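Structures given as structure tokens follow.
In the two complexes below, chain A is the common chain; its partner is chain B in one and chain C in the other.
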Partner chain A sequence: MRHQIQKYYPLIPVLAAYLVLFLIGQNVSGTWQLVATLLFYCCLGQAFNIFLGMTGYVDFGYVAFVGVGTYGMALSISRLAQYDLPGPMIIILGFLLAILLSTLLSVAVGAVALRLRGAYFAIATIGVNEGFRYLIEGARIWNGSEGIIFFSQLNEILGSEAASSLSNYWADIITLFIAALAAFITLFYMRSKIGFALTALREDEDAAKVMGINVTKFKILAFITSASFAGLLGASSWALKTPYVFPPEVFEIHYTIEAIIIVLLGGAGTLLGPVFGGLIYGLSKYFLSIIVPGFQLLIFAPVIIIIIVAFPEGVVGVWKSKIKNEHLKKIII
Partner chain B sequence: MTLLRLENVTKRFGGILAVNQVSLEIESGQFIGIVGPNGSGKTTLFNVINGVFAPEEGSVFFEDQDITTLPPFKRAPLGIARTFQIPRPFNSATVKENVAVGAMFGTFGKETKVDQAMLEAEKIIDLVGLKQHQEKPAGILTPVEKKMMEIARALAMHPKLLLMDEAMAGMHPGDIDTMVTFLKKVAKEENIAIVAMVEHIMRAVVGMAEKVIVLHQGAKICDAETQEALQDPKVVECYLGHPPEG
Partner chain C sequence: MAFLEQLSGNLVQGLILGTVYGMATMGLSLIFGVLKVVNVGHGAFIMVGAFVTLFMFNTLGLNPFFAIPVAFLIGMVIGLFFYYTVIKRLLRAPELATLLATFSMGVLLQEVIKLIFGSEYRGYNWDIATIDIGVTVLPLTKLLACFGSVAIALILFIWFKKTRSGSAMRSVVEDSEGARVCGVNVDKTYAYSFALGIGLTVASGVLLTMFIPVGINPYMGGGYTLKAFVIAVLGGLASPYGAFFGGLVFGLIENGSYTIFALLPGVEPFALTRFLSFVILLIILLIRPTGILRAK
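Presenting the complex of A and B:
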């Protein structure tokens, strides 16, 4: 039993980091918005890491899952508000619908694209995001390009006071829990056969196959898990915070790029990496836009190139390999 | 019982006939050498046996079950393991984790928990003499150590049939003898049939194989006891060319 619990010690630094973030936002006035943004980035990284980090496959259409998750919540609130259901139940149904939609999309994409390897997979997924956006707009699904504005319905089901505290506070707390849950699932996978199978296929897919690993099954599993967390994140950090959704905004490829940067910056396949990646990325983006407004990307791009060239294994990857202390070695992974 | 049976297996790549109408039988626990010059179809034959390629013609039977179209990951749990000519370790994982993967997805994979697999890995790593390296990432091992690790990884799968692709190429003759002795011992204890493919390390073949199958341009030209095969004029011709006239 003790041994089983010890396996989950590496969650301590991750949860500690989230707790510190929460306490700063709670106690230092004026920092909650920043903390919310950082939590969004950490959660995005933590979710994407389950796929990118553990399988080594780069999905350029990842934000599509965040997008359909946002739609899941938006649909639930806008369509169910007219029925006499308790507000919190509609929100929970929204999260469930977000998971359902992102899972369905990931199964559809994964079943086709995950049969491709490496760069071919990456290319195939670029089309998914754009294609899905134009499908929604062109076929006028879910109101097409007019999007869904559900501000009034949100107020209606919860009351305006509760709706505003949900948007400004509780949505971020939910994001924090999603990030923590994603970290837990990452570690759970790492400690089970799933993690071994994923490591094997990431390092050498052919060798993994002849050793009895059904690589397609494990890739799809990681893909679906990662996608459902993205869906949840879209529902909480997007739909609940800004109660409207337009296709060009949620299917914006630069969120995918941000997710990739966060994971690589922190250390792909490490548990603590997305926390570091999310914090470094979020903080530098925030401060650069204050110090040199408008030029932040121009400065940011070369900095990221330098970091990724100098530390290909990411911050946590490098740190991990330098640790000498045996106890520390066991929790920094 | 016949462990593996190939019936008239043919595999083409475009116009190239890589394996041509090969039939063979391997009994459990047998030690067999597959010999043939470069390009004779040895690796392709291995790939047909473990499922990387499906043959165009012919069938493959394992323990009387037709596995001709079974994908590789379904063959491994039946008891087919292999090592590669150029070792293919999972570089970022430790040696112990590499070997544990074998235990987790091999013959007893379904019943093996992660902890059990790790213990099993430790035992096998000790057997092949890599104990001092078990916590290191596999990527930093020397080529010979990587080969040993691959063998450990395959043995951890508890195979009934172990296919070894040029396992001893590049090894010191002394090491080859140690390895042959080790493999013979393990194979006997665990009743593993070993099919070792060699290009020219006859030392290994003579030392271990009960039977030798010689391939030439994709076809089987000889299938006999080791000593007999080495005397076979067709084999001599394929390796050394025509004897001088007169």
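Presenting the complex of A and C:
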């Protein structure tokens, strides 16, 4: 039993970081907005890391899952508001729909794209984002390019006061829980057969196959898990905070870039990496937007290139290799 | 009958646009064939070419055709710079590294252009004449762009077949170890292939502006990256000529399907065409990743 619990010690620094963030936001006035943004980035990194970090496959269409998650919540609120259901139930249904839609999309994409490897996989996924956006716009699904605005319905089902506290406070708390849950699942995978199989396939897919590992099964598992967290994140951090969705905004490839930067900066495949990545990225973006508004990417693009060339293991990767203390070694992974 | 006339008119337009699409994809296939690097930032390099044209036309008052060699040289310089600073160090790294690196190069170019020119849509007006060929009316600029693309493709073809550096490049595509053993300077071949690929891509941006003279902005490249991937995959990904013919096929599919989608009620045909190109990409990758135009 003790051994079982010890396995999960590495969660301590992750949860501690989130707790500190939460306390800062609670107690230092005027910081909640920034904390909410940082939580969003940590959560995005934590979710994306499950796929990119653990399998080594680059999914350029990742934000599509965040997008359909946003749609899940939007559809639930805008379509169910006319029935006499309790408000919280509609929100919960929204989250379930977000998971369902992102899972369905990831199964559809994964079934095709995960048969491909490396460059071919990346090429297949780079279109998912745009492909899905144009399907919604072209076939006029879910209001097509007009999008869904559900501000009034959100007020209607919860009352304007509760709706505003949900948007400004509780949505961020939910994001915090999603991030913590994603970290837990990451560690659970790392500590089980799944993690070993994924490591084997990341290092050498052919060898892993020869050893009798069902690589496709584990790839799809990581892909779906990662996608459903993205869906949840879209529902909480996007739909509940800004009650409208437009296809060009939620399927913006920009967010995939951010997710990639966060995971690489922190260290792909590490548990603590997304936390560091999210904090460093979020804070530097925040301060850069004050110093050089509109040109953050001009700074970040060369930074990614430098990271890839100079230290591909990321912050946590480098830190991990420098640790001498045995106890610390066990919890920084 | 009106429909058939419209369809054939659009197909002619598609074929002409297709030659430019093909030329715009040759660089991508060349780089993949020689270095096994997928240039995920491809569209951004096309965008650079578009801005070169814009600058030369609006500020210097020069005919877009003069922009082709200038864009090509600028592309070669950018290509060499990125090769020696980034790509060379990543050739032995996992695929993830080169994918992210080329992607970031694209973002970097976008941001640099945005810094210089701003992010609003711009355009230029080069109207010389139109030609009526019965089923459709063609602006002369589009025809010239088409001839330009075919000419560049032919020059590249001859260069590949007849020159020493061309055959060195072909040998590296076949087998880089074998080429090294036979005395080919593989590292140098990598460098100039990358530079040539980027040069061609930037030059193709010039030709593309003759089709979309008013849609030029720093983020215009994204759509072309996707199109270029579809075309490159149609042509077998590693072959520049495959890519050229892939471009022709893609131009026909794009314009043909637009005509058909326009008949359906309650849809946005333009968005659906773009969705279709994504579906085609997935289908080809799934059934025949080596390309449908390549006999194997």
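Keep in mind that, in the parts below, the second predicted complex is superposed on the first by the 330 of 333 C-alpha atoms of A that agree within 3 Å, B and C clash if a C-alpha of one lies under 4 Å from a C-alpha of the other, contacts with A are read in each partner's own complex, and residues count from 1 in each chain.
One rule holds in what follows: contacts are C-beta pairs under 8 Å (C-beta built on N, C-alpha and C of every residue); 3 or more make two chains touch, one makes a residue touch a chain.
All values derive from a computational prediction rather than experimental measurement.
Enquirer: Of chain B and chain C, which one contacts the greater number of residues in chain A?
Expert: Looking at chain A, the partner in contact with more of its residues is C.
Enquirer: Where does A:K193 make contact in the superposed view: on chain B (first), on chain C (second), on both, or on neither?
Expert: first
Enquirer: Considering only touches as defined above, state whether A:A119 meets chain B (first), chain C (second), both or neither.
Expert: second
Enquirer: Which partner does A:L264 contact after superposing on A: first (chain B), second (chain C), both, neither?
Expert: In the superposition, A:L264 touches chain C alone.
Enquirer: Using the superposition on chain A described above, determine whether A:R140 touches chain B (first), chain C (second), both, or neither.
Expert: So A:R140 only meets chain C here.
Enquirer: Taking the superposition as given, does A:F295 touch the first partner, chain B, the second, chain C, both, or neither?
Expert: second
Enquirer: Figure out whether A:N214 sits in contact with chain B (first) or chain C (second), or with both, or with neither.
Expert: Touch status of A:N214: first partner only.
Enquirer: Looking at the overlay, does A:D206 come into contact with chain B only (first), chain C only (second), both, or neither?
Expert: A:D206: touches chain B, not chain C.
Enquirer: Touching chain A in the complex: which residues of chain C?
Expert: Residues of chain C touching chain A: 32, 36, 38, 40, 86, 89-90, 93-97, 99-101, 103-105, 107-108, 110-112, 114-115, 222-223, 225-226, 229-230, 233, 261, 266-275, 277-279, 281-282, 285-286, 289.
Enquirer: For chain A, which residues count as touching chain C in their complex?
Expert: It comes out as residues 56-58, 60, 112-113, 115-116, 118-120, 122-124, 126-128, 130-131, 134-135, 137-140, 144-145, 253, 257, 260, 264, 268, 295, 297-298, 300-302, 304-305, 308-309, 312.
Enquirer: Can you list the chain B residues touching chain A in their complex?
Expert: Its residues touching chain A are 50-52, 71-77, 81-82, 84, 88-93, 97, 100-102, 104-106, 109, 114-115, 117, 153, 157.
Enquirer: Where on chain A does chain B make contact in their complex?
Expert: Against chain B, chain A makes touches at 3, 191-193, 196-197, 199-200, 202-204, 206-215, 269.
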